[in-house]
Every structure is written in structure tokens, then in C-alpha cells.
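All remarks here apply to the structure that follows.
So that you can tell them apart, the chains are marked A, B, C and D in the order they are listed, and the count of residues begins at 1 in each.
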Amino acid sequence: MKKIINDASQVVGDMLKGMLLAHDDLIEAIDNTNVVVAKDKPQTVGLVSGGGSGHEPAHAGFVGDGMLRSAVLGEMFTSPTPDQVLEAIKASDTGQGVLLIVKNYTGDVMNFDMAKELAEMEGIEVDSVLVDDDIAVENSTHTAGKRGVAGTVLVHKILGKLARDGHTLQELKQIGDALVQDIHTLGVALSGATVPEVGKPGFTLDEDEMEYGVGIHGEPGYRREQLKSSREISKELVEKLVKEYNLNETKKIGLLVNGLGATPLMELYVFYQDVVNELKNHNVEVVFKKVGNFMTSIDMAGLSLTLIDLEDSSRLDALNAPVHVVSW
Amino acid sequence: MKKIINDASQVVGDMLKGMLLAHDDLIEAIDNTNVVVAKDKPQTVGLVSGGGSGHEPAHAGFVGDGMLRSAVLGEMFTSPTPDQVLEAIKASDTGQGVLLIVKNYTGDVMNFDMAKELAEMEGIEVDSVLVDDDIAVENSTHTAGKRGVAGTVLVHKILGKLARDGHTLQELKQIGDALVQDIHTLGVALSGATVPEVGKPGFTLDEDEMEYGVGIHGEPGYRREQLKSSREISKELVEKLVKEYNLNETKKIGLLVNGLGATPLMELYVFYQDVVNELKNHNVEVVFKKVGNFMTSIDMAGLSLTLIDLEDSSRLDALNAPVHVVSW
Amino acid sequence: MELTGEQAQRWILCFQEKIEKNKAYLSDLDQAIGDGDHGSNMYRGVQAVKEKLNELEDPTTEEVLKTTAMALISKVGGASGPLYGSAFMQMAKTAKETTELPELIQAGLEGIKQRGKAELKDKTMVDAWAPVAEALTNGTFSNDTIDQAVEDTKPLQAKKGRASYVGERSIGALDPGAVSSGYLFTALVEEVLK
Amino acid sequence: MELTGEQAQRWILCFQEKIEKNKAYLSDLDQAIGDGDHGSNMYRGVQAVKEKLNELEDPTTEEVLKTTAMALISKVGGASGPLYGSAFMQMAKTAKETTELPELIQAGLEGIKQRGKAELKDKTMVDAWAPVAEALTNGTFSNDTIDQAVEDTKPLQAKKGRASYVGERSIGALDPGAVSSGYLFTALVEEVLK
């Protein structure tokens, strides 16, 4: 493992310190927590998200006016604890209640749920939206369900804008529940991710291997095979993703090409070009696009593609609205 | 080599296509060239930069209102040719002349010089600023001189703002020449970079090795040794960099922590925190900071630290001014 | 079979030792079918528990269980934090009424099931807790109960938690949460039931 | 020793073949003290030159040299593009006055020196061009002149171009630009001076 760090067991705290020093105009931390809060707190519903660390810029990079009110940073790849989430909820409430945006992992769901219970005991209105955009996992009652991955960032952005516009907690919950059903993501990895404290990658791929359908914590995918060209990868991802939509009539969609950490921007753009070409074979009109590192998996090489249904123009407006955050 | 690409020899063109598709609101390309031009062209001096590809988001990511008017993309790590630069100059001139921002490499200098000669023959006023911020190389008449690296991005930003404000070509040249003398950078690598067409890294480092003072094309550094902690690396870089400034009195400075491609944001923040701590031992006040990937070296793991003298408040204002570009 | 506060304290401190000793093993088990952090998650938790418990003087059973619950909830995170936390929280609540061991363990099991919604044979820690709770209640408990319960998670396919993502590939591996729960019950045998 | 248009064309096409054959070798030489692209840079250039030259019918010496210059300038990039480009551009300009070989090569050398500001013994292509130009002028030229000039770049420390970054470590390696220039002159021998 080669990393520019100090103590591997302190890496989340060290990163957080650096982040706060670098962005003291936008964000601050609650003392003695790993909770990042926006300095600017209008009287609106506060959005709270978070999860394990290692997905930078998610989630702290999306804290600020027009997106999240606060982000809770867990240990590397480990859901944060309820007391930390509770602190975030308390710091995010201005009387209009708090909406939790939670990625669908057993740990996150349970820890955020417990925090919600604790906050409600303190008289704060809390609701939550569960993001489960990763179609690599089957959504059956026999599994923990689909995982929440890069599409989560689009939920932050859209609900963040609507919260700023003054929508109520109930409205945001309702809009959010519908929204997450229209966001779908699929990822590929060229290498595993190395958690600093573990010191070795979660999985290893041969020099000519890739894996389709990996999660953002090195969860296994659905197929391992020889490294394909960008064109072939885009074909597979696009074909699987468009199946999630009804494309009898031309549908307005948005695209998010997300790097997993170690993949250069150059490759993301090469891939984006192939995605656009591939989509010409399908009944869609691309009205929004975003290319970059938004929800990473530490130093994993690879990328994910997210599609979002933007037939509802308020979603598109929300995506295009200006924000004051570190990493949108 | 593991990359998400198609034909290794076509990677620059493929990337460019993706970039244009992804950012068609901001940038376009001149037909049959690898020149990226801002869609928005106010009647001001046009700034042109560029160089070999592989440094994404540099330079095309900085094209737009308030930074560059156009960027010329060479082959991977290879200076673009004079005819391409000439096209950029022609597309960037609105009658107020064009300023070239050139990184100090023999190839870039000569190709941009030839383009300047050609443009002048066509009656366009052209001047240039040479950036040589990399203090890893000695500045002697017996070498090609210091190299231009990440600090170049700060030159784009500051001169871009001043050009938008209506400064003349002569003024910008003068301001730029003074500016580049106050910007200094030093980088470290944990791994080499792999040019797609070459297929193997330009140099290799052992699992426990790092190299101080590398360039952004895998140029060798000044020392190879065992991987150090973030704290130790920051100490060495800061100590070497502050020597370039007169710090008898407290000086206002700006910081740029730049990832070289494969290094996660997490590490950049850990390092930034150490840099700030280290600078407490020196007579500086940090008034501007930036952390992210701005001038990369394909998939190299590592980072660079840039210091800039911001005693002159117009520089700070220029850095803080809003811009419409892809990657600032 | 009442559990005194002093016994409860020794029980949990013994659990801490077992987790510390088997930290790497638990993570390796989790690496195979999860994300490889169960050992470090649990270790982070029981270290905090140890610290808190050592601050208590002559605690009641309820105090020990509640202190353990709070420390685990606030230090572990992941899936196991809320699950172990809920187990100890339910035990602490029950301890207000009774400190009978079978009732306590049964309450812990209920806490886990409520929080995690897992059923028997979903290949989770429930598969360790349920047979132990039952055997204690029926008076059929022996050391073998624990080993058997843990071992029985091997042939199961995971239906809950991170291991469910690997589908059929989870068959043949021990469930890490069941193994760590096994340590909890072995500690109980060594410190209380011996 | 006048250079006809037809000879000039054969000369440059022969140069193209040599670059094509030695592409990898030139890049390897550049990898050692530069950035490993001299072979692919030159190859990209001479491919374009070949295409353009094949379009010409009965060209004059000036046309061949100018076409070569333009194709190299617009296709090579890096350091060698402008340098070779300037060399051929100066040769083309001189060809308006005279097509005597010594004068042409001398003009090429001037083009390189003007563009790159390198002196003799800076370990650049100048170290191949200067001795050849001089020997042609003095009538002392032989095949050996080329080999010797190229070989003589080995002990030098680079003072210009990318190789200057490696300082003393450049000593002992051949300069890639001198080697490719050597091919240019060998092609001249084979096609014109033979």
C-alpha cells in the first residue's frame, strides 16, 4: 500500500482537518465529532447525509447552500454511529425538520434509523429517503436490496435545491421517494480499493481483468472478465441501464459518469463519448450530464454510469441551479 | 496497462470528443484541430495555453469566461504543433491581441514561438508569458531551465480575471512576467505515469519508494527514497519552497495542493493539513487555498505543492473572482 | 441463574479479550463474504466498552448492560454496531425486571431481530443467538450449543447484510457476526456458567 | 554537388524508411534521458512527409524541402518538430538561391541553432549536424563523419532540452535527436552521395 498519510488509523480525522482548513468559508465541524455542517443555515428543511469515509468528495464535499446541510463521516467504509448522526440532525434543524438521505446498506439504514429515533425523542421531526440506485444487485426480499451508490449525489442536488426553495419535509420525502426510483447506476472496476488500516486491496484483479457491477466498498460484482474497450463497457452498462426505463417514447435523461478514485479524467471523457454514441441506439435525449469524481471508492480504478429520468423539468432545473459547495 | 480507452493512438481525440459533448454549454473545438475554444468571447485580450495531453483537467478544463480563451491539446505529453497553436491564436483574437501562457519546456517554447511568428505575419499582436514554477530543477544557463507545472493554473486564473477586466496585452505581459516569479512548486511521485501508446510506466518505483521533485511528464526528480509520511513530505516541500521567498516580514500567500492523477482526494486533504501545520513555523499567512486535481500526470500517484505570493491584493481578488470554466 | 452486576462486568471484559485476540480472524471471515471490517469494528467497540466498564464501581447488571450498549452503539458503526447495541439495550431494559440469564439473552435476541429484521437461517448473528437463547430457556444449554450454532451458519446462503450481495458464494463460509456472538457466549460460559 | 528535386525526394523517403525501422530504438534512447517519445514523434512526422511527398510530381528541390518542413512542423510537435521543421525551412529558403549540398546542410544547421539556441557539445542534434556540415564544406566528408559525430554525443552532459533535467546522468547515453539526424545523413549518402 502506497499512500500519502500519517497514521492509517487516524486517516479520517486527518482528512477532515485538512478539509475544514481548506474550506473554512463553507463548512465547519461540530466539536468532537466527524460531522461537517454548512456555515450557512437558512430556515429550511435540513438535509443530512453521510456514510463510511473513502468516497470523497462524498459526502462532505456536497455540504453547503443548495445541497446538504450536514454530512456525517464514518470510519473508512463503515457507517457512522447513531450519536454522530444525531449530532448532525440537531445541527441541521432550524425548526422545519430534517431529511436523512441514506444509502441502502444494512449498517447505514440501522444507524440512521437509530439516530432518527433518538432525534424524535428530542422532539425533532425527521424523515428519510433511501437511495438504492445500483442495479448490479437484485432487488429481492432475499437480499439486503440494491445498494446506494453514485446516484445519491443527484438526490443531494435535487432535494437540496427543493429544500432551499422552501418545500416541506413531507413534500421532500415524497419527491425523494419517487426520485430514487428513477435513478439507476452500474459500475465497473479495474482494481480493488485499499482501506489504509487494512493495507491490502479488498480484492485483486489480474493485469487483464475487470469486474462488472462492483459496489463502492469493493463489494463483488456480477461478472469478472478480460478488460474490455471503453466502447464495449459503455455498451454493456447502457444496455442494462436503459432496461430500467420505459422508452416507448423519447425520454429526457441525465447522465453521470463517476470516477472511482484512481481513474484519470481522460478515461472518463473517453468513456462518456462512447456512452453518448451508445445512447443513440435508444430512445433518449440527454438534457444533463456530469463527468468527474463524485462518489469514489478510495483508490479504486474504475467508473460508474448513472442514468436519471428528467422528464419532470423541475428535476432538471434543480440539477442546474447554482450551489455553494466544495465539489459539485 | 489497465485503461478504459479504445484505440491507444486515438485517446486524445476520443477524450476531446467526450469533453466537448459533456461541456457543450461552455466550450467548442475548431474543426479538424485539437483546439478548444470558449463559446463566450468578450472583446478582451485572449489568453491561449496548452501543451501535451495527459494533464487533465489542464488545459481545456480552464477554458471559459474569466480564464483561458482557448487551449491547444498536443499528443500525450507532447507539445502541440505551431499550426494548431496558430489556429488557437486566430480564434482567440478579438482585436486586442493574444497572450500565450507557455510552460517552460523546450518543445512548448519552440512550438508556441513559431506560432507567434506565424500569427504576427498575419497581423495579430501576440505576446507570451513563460511559466517555470518547478523548483526541482536548477535554473542555470546549463539546463533548459525550470519546468512549468501546476502553478500554471494560477497564472491562468489571475491573468484570466485581469484580461476580463480589460487590461491590455502589454499590461498582461508585464503583470504575468512578474507573477510567474512569485509562484513556486515542488512535486512528489509514488508511481510513474503510463502513456497509453507506450503501455508501460515512464519509470517504476518499488512498493516502498517515492521520488521527490518529479516533473509532470515523469521527468526524474532530485531524490528517490523510502516512502515517507505525509507530515515528513510536507516538511520537505514546505522548507524548500519557503526558501524562494523573503519572509522577514509576514507574507500573505496562497496554496495549491495538486493531485497527479491517481491520488485520492482523501490523501490530498491529509497532506494539506500537514502543510498548514508546517507553515506555522514560517512567517506566512495563508489567504487562499485550493485542493484537488488541476495539473495531472495521467495516472501518476503523487502530488505537488504550489506557493504563490499574494501580498498584492489584486492577485487574491483575481483568484477569488467567479469563473465559468469546467474545472476551477 | 441470575446475572449479578459483577458477573456481567467480568463477562463483557472477557468478551473484550476474545475480540481483541480474534480481531484479524473476524476481519478475514468478513473479507470472504463481506467487507473485511467486522474484526476492527468490534474491536473499536469493545475497547470503548472496556474503558467505560472500568470506570464503574460495583455496577448493577442493568448499568453494565446499558454501558455496554451505549459504548457499542457510539463506537462500532456498520451493521454490527446497531445490532449488538440493540441487543444490549434490550437486555438492559429487561434487567430492570429480571436478571435471569435466559430472559436476558432472549431479550437480546429480540433486540437484534427488531433492529435487523433477520430470520433464523438468514446467516446472521441471529443464528448464534437464537439456539443459545432457546437452550438456556429449555435448560439444554451446553458448550456444544454455541459451537454447533456457529458452525451451522456455514451451509447457509446469506439473505441479510452485506454477505447477501455475494449470493450463493456465501455458502460454505462462517458468518462473522455469528462467530463474534459465539465469543460472547463462550465468555459467558467461562465467567458465569462455569 | 547539387541536389536535384528528384534526389531530394528519394533522400527524404529513404529517411522515412529509416525512422520507421528504428522507431522503437529512438524512443528507447529517449526513455533513458528524456521522455521516451522521440521515435513516435519522428514517425508521426515522416509518415505525413511521405504522404505529402508522394503527392508531388517532378518537384523542385525547394518544393521537396518546404513540403518536408511543413509536414514536420505540423505533425511532430515536441522539441524535435520545430527543430527539424526549422532546419528544412531554412534549407528550402536557401534552395531558392543554390541547391549545393554543403550550403543546404549548413543552412539547416543554422535553422536548428536559431530555433533551439544550442551550442556544439550541448548534446543535441546540433552535434550531428555541425560536423557533417563542416565536412561537406571542407570536402572531408565520409560515412565515418556521421557515425563519429553521433557516437561523440555519448560522453557529453546535456545542456539543452529535456535531457538537461537528468544532469550528469545524461553522460554515457547517445542523444536521440543526434541519432535520428544520423539517419537523415546516412539516407543522404545512400540516395545522393553514393
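Note that in this section contacts are C-beta pairs under 8 Å (C-beta built on N, C-alpha and C of every residue); 3 or more make two chains touch, one makes a residue touch a chain.
The structure displayed is predicted, hence computed values, not measured ones.
Using mean Cα coordinates as chain centres, the one most removed from chain A is D. Averaged C-alpha coordinates put the centre of chain A at 31 Å from the centre of chain C.
Computed centre separation for the pair chain A/chain B is 30 angstrom, with centres defined by C-alpha atoms.
If each chain is reduced to the centroid of its CA atoms, chain B and chain C end up 55 Å from each other.
Shown for chain D are the residues that touch two or more other chains, of which there are none.
Residue positions of chain A touching 2 or more other chains: none.
Here the touching chains pair up as A-B, A-C, B-D.
Of all residues in chain B, only 52, 74-75, 77-84, 105-107, 110-111, 113-114, 137, 142-144, 147, 195, 197-198, 202, 215, 217-220 touch chain D in the complex they form.
Only residues 27, 31, 35-37, 40-41, 44, 73-83, 85-86, 115-116, 159-162, 164-167, 169 of chain D touch chain B when the two sit together in their complex.
On the side of chain A, the complex with chain B involves touching residues 2-6, 11, 14-19, 21-22, 53-54, 56-57, 61, 188, 190-191, 207-208, 210, 227, 229-231, 233, 257, 261-274, 276, 289-291, 293, 296, 298-299, 301-303.
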